[in-house]
Every structure is written in structure tokens, then in C-alpha cells.
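The letters A, B, C, D and E name the chains in turn, as written, and every chain counts its residues from 1.
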């Protein structure tokens, strides 16, 4: 007699469009120039990081300023897999996720004792500690950093196939592979978050965010949910870090654990776009990319503009750009509302 | 002997960190504002003092005195025009705004002053030292430490023995009820940020005389300042000094073992304190 | 009229708590506002004092609209509040809690530290304690004293007997006539009808964000109150 | 006995809010709690649900010692509650509020949960508002939601904190009917209420709290007639 | 016809830290690029400059975009390993020829190896070429300077945990073995992090070792902190010979009187007896012209920034197809020319076999900063045993 549905027209359209986009995205290397592929790689990896951070802060209430710890450890683990264990870089990427997961356990144990601003700063300090420890890892170059050896970068799994498929040079094949992996990752992460929000866990997350006390009183284990979200986020961040640095082929502690690149810009993307929505980071990463492409050649003026835009958006559109749009239009591209359908029920979204 | 020296130098270094942190402590304590631009504001103030020295030919001390009211005004404006509008239960908006400010400030300074490493000249004081028998200490670090204590005593006096300080504490406890007492929380916040900027100027003076600065060095010190504030406990100024000293001593002892451990030891000291006392050494009864 | 509201409407987000409330308080008068839990009494107090932005309607102080003023500005016009739940400042001592009440507005009048210590002698003994280390009743005394320190023309008291022992309530209620004698008008928000009626000249009863009864305290019957509270007779 | 409290005490700082409370509730009973503001009624609920942990004493639920058990564990064992000040998940719809409670407090297959939630919504007259965001509900509906959400956890023991306050007489009667129904289906109920006629028309026993102490337990008539209660609680001059 | 004389413009990519802490290295870029483009050699070239913001992530990224989006023919890069290494790694992976400079060759070459600790795993590069000097030259120059003084031969070392510091401080491939061979002993308390606020541990270690000489590769703020603390804590070495910290006259000036007689290696100066192959200017003329046009004092990186374009012009003058990366790499390897920083030829002279293919060395001498009467400092060359063609202008003096 009663039914639960999360379907809306906008949601269905989005799903179909997304499917189309992903297929187009997979086929893109056949048509697009390397420049486009590389730009997309950047966009996709930043989007992945942004979605993950949004899951943490926007849905889980965990404002971490230490995500660079997981990017960095993931990247270093990948390098270790390649250089020390002689693995193929593609197989070393999951090692990055694993390393981040392992690091997340003590981090969570420590950081969950802290609240709010303390939590933010605690995670930052842990990331610093990780950076300083990794900087002492002499076999991977210590503070100097290290580069992926040529024989590793030229033998990446699947690049031969891609070269044959698109008849491109080796470096371009590597780009395409990395791009595909980034596409898969972003789809998995975004899809995973979307699925999570539509699952029981999503309800629990919202409940905890709205009212911890009440959430406990209906049986939600707030602590376990925070752990789960934090660990998942860390592992996914580690994978992304490994992928990013596979593409760079060079690593150093300062680069891998850069708070500005891997956390501050990511926060910028999420908050400018609209925190607590899946649409927000997507919009945010586009804004960020456009700003960067348009202004990056202006050196310090670019960064100054970026800073001022962050301030302006917070003053005039505290819910981000997607917040403005959805408030006006009521649009939700990724509906997570569970609606009860049946007789005698009114009320829309 | 060497350990005593290490201890003394660590304590003196803690004075510098406490100076960096005192302004932050005030602002963080009163309005829970995580100001990511604090380090850059210190650098900004250092340039202001430097301008006074190079352009007006003032002594650094006088230049700092001149810079103080300017910085107070800047803090007031910053709080009134920007920060007051984003303060709230959610820590993110101020986080992003101050991050934006930090980036904008760093690059604005770069445009204005170039990447050259600069320094506030302190003349003979730079190398001057005092032989205390067992240890030899630099006059400048000693002065820094004494200034940190003076700043903290002054802020404490202000905080606990004046009507303004009472308003600070009341607003910090409960801004809404403070409003019912006729206190405008936003005005109080603006004054607090102004005062924090005066302290920032003092920190800038010592930072600039101790070593070189350039537009990019702000963030490196920010994290120590936060650690000092948090170790001490929200709103406890003496706690902030203690926090600075703990980090300073941990750093010098870490370095004495091996310089590789210097910075790490400071952070680890912070983590240990947080593990044992998640609300800091001298937490307030209620926050 | 010292204070008047006209068609006051207030919302918490999307939730409407006041639906057009009209009340009036004359100088020197004591008015009681009664009503069940969640009737909107505290919301009315918050709207008057500017803690909550009222979305429509008017608040007039001596005929001038004050609805747009901040709570600090309202207070500086001589309207002091004893907020629900006392809300002492935990980092301030008892004496400082009192002092801060008269720090910004310093009107001349009968109330100063000494007068308050005379009104509530126990506070003199505890002046150095942190405000929150006191018993609930003592805290309530501090909250009242704090509001009096500015020598207000109008004192708003939100549930000053909440959670207090009957003896303490008696002491606190005994202070109200002394406060009136000092010249201030008083609004008491109460759930305890008996207490409220005993001190008030007039009474308003609220239900679900509306005033359902306005009457002279002396005239009001239990039946009237009951109807105003619960909608119909039991 | 479904619930036993033995010498349970709780202090907030120097304030002793619950003072050596001992009480047993047989399975299937409806127990009413009354007492002046601040007597410690809500705190007693918080102790039973685990939202607040006791300083002393022992709490047993279904024969198991749950004194230290966290709140969510007790919910899953069958302790459901409403909050005196409604605490809806404001960002979720009414239905999602219930779904959360059903999914985590009771568990089970999704289809069963949906039907169960819909039935509870019907019982509590919230069905029409099922898809409305809880943050925009009126006080009355918030109170209904409190009850509905507590029911959705599938409680054996249902704790209701002042859910009748502010209701009109008609609404109050409907509420009483609903609670009677729930009770009739075998759920044990403890109900804190100031609206006495509503309370007394449902409960079999009344417990009076004052300053954290139990000052009387017994049949409603007896209790209401006792001098102490008339003085302390009703404020009626005897 | 050589590429440089053909119709299509040759596209040179240039990654430089225009902003951020390394910006000092890039201050002459605009000046040098303009001079290059105005010269005959530059007529047919286009230089696309990208700012690395002193950030290694960004350096790799812009290098990639230069290669992919701007389709450059040759990459040029300089300004410390933080900038050269990510760019060179990217180019090597992309098969893009790159000419790199202004970083000692060890942190450049070894720093780009997968496992820097294991020499047997080191591999030469196909597309990355570097010219500068190496630690063996530093050792020769520094010990040459110190031998002019009367010291006990005990040296204290300040090496941070960064690319330079790790290379200089490496116990096997760094300064230590060379100093010992020259009769000096090195006390190395260990790697510290850049932007440390306290150097008591180092001062104590140096005091305990009775060091009379301090050396190292230190960023300017850290050196100031160290030097102040050393004086405050009563440590008075006879010679302080450090790299990086006192590279720029501005940095020395910030030290005030304490800058007098600090010494450092000199890779280029206004008195180097070399001429530009594209403008024909002597070193002195180049320096003077720079100062005239920018109102800034000359600095050592100017010569190297200039020489990058000399080498690029020379290389592109010897290839016929500017898009043929292999041919360009071969042309770089075959370079043999004179530049304003000296002779540049990848002929393996003075370079160990493993790096011989990719590294070329330019001359290095030693200098000491002397306070001028009217204020400011002069860099006086005091040691030239390795490069006698560069004249000295004085003798090494002990610190007061």
C-alpha cells in the first residue's frame, strides 16, 4: 500500500546524463587533445578530493584540515610499491589507499577526542607530523623527494594497449590511462557517496548532523558512523593521491603534503560550490578551474583574486553557488530524499 | 650543562611562540575564530614596522609604536567589515574567509615588497648576550621572553581587572545574554581583534629582528601559535605562554637529540598534551 | 504606554512561534504572562528585547518603534531582562555578573551593588564565587540583581521560579514588590499561575503563539485560565 | 519486571538532581511521573535511556544490567523515548525521521519498515505531512513526531516526556486514545506529564518526584489526594 | 637549414619561480628574455614563461602544460632543485628535451633517482641535461678559502632536510669525504627543517667540537637566526662560508655589520671574464645593463638565466627539425660553446661516469662579502684555484 521512493524527474535526468557523460568521457581520448585530457585529469582528481572532503565536512560534520596527510601517504606508498617493491604503478595505487586507511586509524583515534576548531587543527598537526616523518624516510629521498624511475613509467600496465588503440606516444598513453583511472575514481567516489546518502548510513549521517543526542536515542551509533566515514574518506583520498603523483612522477614531502594544494583549494572548491550537496563540489571545481585557467598567468594577482573571491562568496553566498541556484529553482540533481508514496500524502520535496 | 642551556634556550624560544600566539589566543578565546591569516598579519605588521624604519628613519621600537594604532584600526575594520558577518556556530565560513585573506595578503605583500628576504635592523642588540654563569643567553631572546610576559600580564590585567575585560569574558561566555546587558558583541569583537593586532605588531617586531622575513613565511609559524593556544586551553593567556614554552622546550630538546627531531618534537608534545587533556592544560570551566 | 506590541510575529527558521501578539505594559505596572510549555512566552520576551528578530508587527517603547534595534540598544533604553534559565556568565564572579549588568547603562536610581546585596544578602557572602557555583535559587537572585543594576524602567522576568524550591521562590517573589517600589515596571512570565496572579496587576495568557486571555489579575477565574490554557473546559 | 532502578543517583556539579531513586516497573504497566519543574523527571528519563549516565546505583532492563550501556544499545533493546523539547532531525522529512528510527532502533527489511512507519504516521495523524521537512513543523506536529519517532524504534518500554502540554482538549483526547492503544498492544509506558487529567486517564500508577527524590508512588487517586502532592505540586492550599 | 633560420617560430618553454620564496632567482627573467628576443638569435624564437609559484607541484604541472598545450620544442629551467627537478622529471617522462641549471648537479641528478641511497640503481637520462657545478667544486673552493686562514681545520655543517641539504650533507657523496681528504673534519649535527626558529643544538655541537669554521647550505631566514644565536651564545668562528643564505646582496644587507667577511661560493659575477654569445656583452656589461634597466643590484643568477638562452639558441642552431626531440637531445649532448658563465659542453669532464652524459660543469670560485665605506657590500673574489681564468681581487680574511 505504501512505497518508498527517491526518484524525481531531475534525478532521473541527471542519472541518464551522468551515464552518457561517463561513456563519452571514456571515449574522449579518441578525439580530444592531450591538453584536454590533462585538464580533465586535474579537474577529476580535484573533484574527487572535493567530494570526499564534502562527505567529511558537509555530511559528517568533520572539518578536517589534514587531508593532505592521506594524499601524501597514498602517494608515497605508491612510490614505495614501485621503487622498493618493483610493482607496476597501477598495482601500487591500491597500496596508496591502504596506507591512507592505516594512517587514518591512529589519526581518528586521536582527532575524535577533539571537537570543532580543535579537530581541525589537530588533523592539521597530524598531517604535519606525517610529513616530517616521511621527510626522514631516506630510501625515498627524505626531504629531497624522488622521481619514478623511467623503466617504471614507461612500463605502466595497459599503456601498450592504449598506444595501439589510439596510436599515440607513450607519454600520451600514460595520460590517457591516468585520466581513465581518475574518471573511474571520481565516478566511484561520487556514486559511492550518492549511494551512501541514499542508504541507511545516509539517514544516520543526517541524523547525527542534525541532532546527535536524538540520533543516539533512536539507535544510531554516532561514533561508529564518524569512524566509518573518516576511514572511507581517508582510503579514497589515498587512492587519489597515488593517482595524482603517478601522473606527476615526482614526489617530495613538501609537494605531497601541501596543505594549500590538497586541502585549502579543496575546501575552496567545496565551499564556493556549496557544501553539503553533491552538486556543489562539481560546480566549485569548474569555477576553480576556470579561474585558474583564466588568471594563472598573472602570478600573484591570480592568488590574490582567489583569496578575495573566497571572502566575497562567504559574505554574499554563504551556502555557495549551488545554494543560490537551488534556493531559487528548487532543483536537486542528486535527490536523496526518501518520499513516502501512497494515499492521503501531500507535500512535495 | 648542555641540557640546562637547551632548557633555557627552549624557554626563551617559547616566549617568541607565546608572542605569536597571544593575539590568536585572545581572538580564539573570545569568539572561537580560527584565524588562518594570523601568521600573515604578523608578516604584514613586520613590513609596516620595516617601512617605519626605512622610510621614516625611526628606531624599530618607535616604528612599532607607530604601527600599533594602525594595526588596531586594521583589526577593527577587518572584524567589522568581514569577520563579524561570518562568525557563527559553523567554523567553516571564518576558516575559508581567513584562508582567503591569508592568500590575498601574502600575494599582496609579494606585489608590494617582492620576495626579497627582509629584516628589521636592531643594531648591536642582535648579537648582544648576557653571561649568566651557567648559561649565556642572548639579550634579544631575553627581551622577547620578557615582552611575552609583559604582554600576557597586560592582557590578563585587561581581561580580569577592567570593565572592558569583563565585557570580553561575558561576550565570550554568551554573546546573546551579553547583548541583554547592553553590550554590542560585534563591537566587543572588533575591539578584541584590534587589540590582537596590537599584540601582533609586537610579535612582528621580534620576529623581524630575530630573523629574516618575506611575504611567504607567515603560515609556517601559524601552526605553532595554534598549538600554543590549544595546549594552554581556550581563553587562558598564561596557558598560552605555557603552551609556547612547552613547544619551544620540546623543540630545543628534540634538536639536541637530532635536529631532524626539532619541529617534530614540538608537534608531538602538542599531540601528547591533547591525548592527556583534550581541552588543554588550563581549560575554562564552561565553554 | 511604556511598552506595547502590535501584531508581533516571530519565526524560528520556518517554524512560526508567534502569531500576532498584542500586549501592553504601563509604567510602574506589574504584568504576568502565563501559558503552557511552548506557548511562546519566552519567544515574546526575546522578540521584545531584540534577541530574536521579529518578522512582522511592532514593538513600541514610549510610542517609539524599537523592533529594529539590537538587544544592546533595547537594553540601553531601560528594558532589562532576566532570561529564562538565568544564563549567568560562567567566567565571571557573582560580583562581576552584577557589575556587568550596570556597565553600559548607568541610569540613576535605587539600585547599586549595595542595594542588591541588601535585597539578597546571601549574594554578599558569595560575591567572589563564580556565578555558576551557586545554587539555582541563588543564581536566579544574581540574574535578577544583574538586570536591576542598570536601574531599568521595565524588568522582564522569564520563569524566575523555574526549577526552584518553594522557599526560594517565596524569597524571590518577596523581592518583586521591593523592585516595583524602586519604580520599575515588571513583566513576569510564569507557569505557576498562583504565584503570577499574586503579584500581578494584570495577566495575559498565551497559547500556541497567541494571546488567549487578557484580564485584571483580581478578576480572573480559574475557569477562564483553564479555558485559555487548554482551549476548552475539562 | 521490565525495568528496575536501584538507588540511582545523579548530580550535575553540586546539584543533586536524582537522589537514590528506587523503582520497579512491571511489564505492561503504564506509569505516570509528576513533580514540580526541575524535580528531575526528565533527568530520570535520561538515566533510563542512557543519554545521561548515573553516578551511583544500578539500572536493569529486561533483567540485564544496563547502567553503563550507551543510549543506542538500550534503544535496540527496546527503550524508546520522546524528548520534552522536541528534537526532530530538522533536515529530514517526517517520514525520514521515522525511517531513521526504524532502521537503527529496530532494523529489519526495508519494505516492513516502510509499512510500519506509515502505520505509525497514520496513528499519530502525521501521514499527511509525511514528506514535509521536520524543521518546518509546528509545535504540535513536532510533539506528534516525537511520539511517532519513539514508536518507530519498536519499543518495549516507551518513555514519554510531556507530550500533552499545549494541546487543545480535542487533541489531548486523541492523544490519550493513541497512547491507550499503544499500551493495549502490550507496550510498557512511563509518562511524564503536567496535564494531569490526560495522564490519570491512562496510567495505572503515579510516581511523584521532588528534588530528585521519590516522595510517593501509588494509585493515581491516592496520590492526587495526598497532602504532600497537593501542596508541593499542585500548589493548592490545603 | 638550422631550425633557428626556418620560418616557423621555435617555442621555448621556461618554468621559473616568479612568485613565492624563490622569486629572487627569477628576478632577471624578464630582462634576460627581452634581451634574448631582441637579439638576432632570438628573432625566430618564442619564449613561453610559466610561473611555478615556488611550488614543486605547480612546477610539474606547468611543465606538463607547456609540453602538451603550448607544444614547446625545448624546455629551459633553473632556480634550485625545488624547481628544476619536477620539471626535468616531467620532461624526461614526456620525452621533451630540457636544459637545466642553477642547482648543484648532485641534488639534480641523484635527487631525481628513484632510490637516491643506492648508487647501483642510478640511471642516466635521455632528455634531461644540466650545467652547473658540483659539490666537489664546492669542496675545492671552500677548502681553498679556509686554507688561506689559520684555523684548526674543524668545520661545523648546517644542512637542512631539503634537496640541497641532503646532497651536501650526504656522508658518502656530500661534503664530508672531500673535506676530510683536504685535511678538514666536519661536524654534522643532522638535518634540520627549513624555517627552524632555534639553532642552539647546532651552536652547542659546534662549540663542543671546537669548530672554527661554519659551512652549509642555508636559506636566508635560517642563517640569520643561526648567526644571531651563535653570536649571542658566544660562538665565534673564524670563517663562515655558506651557500644560498648570502647569495643575494639584499640578504647580506639584512645582516648589517654582521654580514662583513661572510664568504660563499661564486658561480657568476660582474668580474667573470666571459662574454655573452648572443649579445656580445661582457659580464660587467651585462650586470651594469641589468642594474641600469631594473634599478636592482646584479645577482649571480642573472648570468645563468642569461646563459640558458645562449645555450638554447646554440642548440637550436644545430638542429634542422625543431619538433624532433631526439635530434634536439643529441644536439644538446654535442654542445661545445662559450657563454657568459663560461664554457658549456656535455663532454663529461670532471663528472663521474654515471652522470657524465647529462651533466656539464661550469667554473666555480670563492668570494667574500666586504662592507663598502658608503654602505652596502661588495662580493670580492678571494679564491680561484679551480678556475684561474677568473681573477681574484683580494685575500680571504678571518671574521673579527
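Throughout what follows, a contact is a pair of C-beta atoms (placed from the backbone, for glycine too) under 8 Å apart; a residue touches a chain by one contact, two chains touch by 3 or more.
Going by UniProt, the chains are A, B = Branched-chain amino acid transport system permease protein; C, D = Branched-chain amino acid transport system ATP-binding protein.
This structure is a prediction, so every number in the text was calculated from the model and none was measured.
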item: Given chain C and chain D, the chains that contact each of them; value: none
item: Chain of greatest Cα-centre distance to chain B; value: D
item: Interchain centroid distance [CA atoms averaged], chain D/chain E, Å; value: 77
item: Computed distance of Cα centres, chain C from chain B, in Å; value: 42
item: Distance from chain B to chain A - Cα centre to Cα centre, in angstrom; value: 33
item: For chain C, residues that touch 2 or more chains besides their own; value: 132
item: Chain E, residues touching no fewer than two other chains; value: 19, 161, 191, 193
item: In chain A, residues with contacts to at least two other chains; value: 132, 136, 300, 303
item: Listing of all chain pairs that touch each other, if any do; value: A-B, A-D, A-E, B-C, B-E, C-D
item: In the complex with chain D, residue positions of chain A that touch it; value: 1-4, 200, 203-204, 206-207, 209-211, 213-222, 337-340, 342, 344-349
item: Footprint of chain C on chain B - complex, ascending; value: 163, 166-167, 169-170, 172-174, 176-185, 235, 284-286
item: Residues on chain A engaged by chain E in the complex (per definition of touch); value: 33-35, 38, 42, 82-84, 132, 135-136, 138-153, 169-171, 174-175, 248-250, 252, 254-255, 258, 260-261, 296-297, 299-300, 303
item: Chain C residues within the chain D interface of the complex; value: 13-17, 36-39, 132-133, 135-136, 161-166, 191-192, 194-195, 207-208, 230-234
item: Complex interface listing, chain D residues touching chain A; value: 49-51, 70-72, 75-76, 81, 83, 87-93, 95-96, 99-101, 103-106, 110, 114-115, 117-118, 121, 127-132, 149, 152-153
